[in-house]
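A short worksheet on the structure shown next.
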Amino acid sequence: MRGYTHDKDRYLKRMRRIEGQVRGIARMIEEDEYCIDVLTQVSAVTKALQAVSLGLLDEHLQHCVAEALADGGEDAEAKVKEASEAIARLVRS
Amino acid sequence: MRGYTHDKDRYLKRMRRIEGQVRGIARMIEEDEYCIDVLTQVSAVTKALQAVSLGLLDEHLQHCVAEALADGGEDAEAKVKEASEAIARLVRS
Amino acid sequence: MRGYTHDKDRYLKRMRRIEGQVRGIARMIEEDEYCIDVLTQVSAVTKALQAVSLGLLDEHLQHCVAEALADGGEDAEAKVKEASEAIARLVRS
Amino acid sequence: MRGYTHDKDRYLKRMRRIEGQVRGIARMIEEDEYCIDVLTQVSAVTKALQAVSLGLLDEHLQHCVAEALADGGEDAEAKVKEASEAIARLVRS
């Protein structure tokens, strides 16, 4: 079980939509569509992925990190450090 | 013809790889993989999309905007404004 | 006491350096320095601020959120939700 | 003369405001204010800097790059490449 498991169907649905958007961008490039229009679609996919990341991160904090912290001990500190590093990657991507 | 047309195959190859990565993320979620590992993959896809955007934008400046500016006239100014707006969306996504 | 209090001097030192960099950018604009050079300095300040944010967030998770979660109860959930919203603002800024 | 020179006063005013915000963040840290409130202010400064960057970039494209492209020749290509690199730094900061 993961923090997001209870909401898995919704995440899978979002990922399928993102996959379709990515295929759509390839089709635009295949058909020589205007650069700016392609860029607009890429920005839309980036935003959708960002929303998925923030959702997964929230679930992770609320469940995995929260449980580790409630139990206390060394694992808790490692879990917080790991979450901070994931947040840094997300901020810098 | 678009600024990126001469490089279309390379962009299509990159988009196919991104599509595969997106499907891979869905599979990770399907198989309840650890949240942080899923997040790491999402950051990788976001970076790959960012590189595609920067490439398309560079091509657009070098060809579409450059040609409009070389020709001069009102279209040139509109093209620069349009490019600036695309850059703003990219920075804010 | 805050999560960052034990490290306050270091944060204050970083903020003073950022303040100096911001004044430096104003001076560059005052002296009509080349746009790209000004932009490079602005990107440097943005990166420095990002590092401050990630540091503060890590301290907040390790102390404020961790303590709330260790105590359990409604406050814990509110603290995690608040942290997630701060992360979203950071990712989107 | 730079692309932004005609608008220098407005940029200087914005930089002075940003400088004040940065000092304000240092004061919040000095006074042990709540981490999330400090983070909110840092995000506000990052957004203000982003807006300055996008403004400077737009001016640079409209004037410096446009003039180089209207004149044609090798300098034009170098100017576009330089602008693309600045955009990449901005997107990745």
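For clarity, chains are labelled A, B, C and D in written order, and residue numbers in each chain start from 1.
Methods note: contacts are C-beta pairs under 8 Å (C-beta built on N, C-alpha and C of every residue); 3 or more make two chains touch, one makes a residue touch a chain.
Everything numeric here is computed off the predicted structure, so don't read it as measured data.
Enquirer: Counting C-beta pairs in contact, does B-D beat C-D or the other way around?
Expert: C-D
Enquirer: Which one, A-B, C-D or B-D, has the same contacts as A-C for more than half of its contact pairs?
Expert: Of the listed options, the interface copy of A-C is B-D.
Enquirer: Give, as an integer number of Å, the spacing between the C-alpha centres of chain C and chain B.
Expert: 28
Enquirer: How many angstrom between the C-alpha centroids of chain D and chain C?
Expert: Centre-to-centre distance between chain C and chain D: 18 Å.
Enquirer: Can you compute the centre-to-centre distance for chain B and chain D, using the mean CA position of each chain? Integer Å is fine.
Expert: Here the centre of chain D sits 22 Å away from the centre of chain B.
Enquirer: In chain A, which residues are in touch with two or more of the other chains?
Expert: Residues 50, 53, 57, 83, 90, 92 of chain A each touch two or more of the other chains.
Enquirer: Could you classify the connectivity of these chains, where an edge means two chains touch, as line, ring, star, complete or other?
Expert: Per interface graph, the chains form a ring.
Enquirer: Any idea which chain A residues touch chain C in the complex?
Expert: Residues of chain A touching chain C: 50, 53-54, 57-58, 61-62, 65-66, 69-70, 72, 76-77, 80-81, 83-84, 87-88, 90-92.
Enquirer: Which part of chain B faces chain A closely enough to touch in the complex?
Expert: 1-5, 8, 11-12, 15-16, 18-19, 22-23, 25-26, 29-30, 32-36, 38-40, 42-43, 45-47, 49-50, 52-53, 56-57, 59-60, 64, 82-83, 86, 89-90, 93
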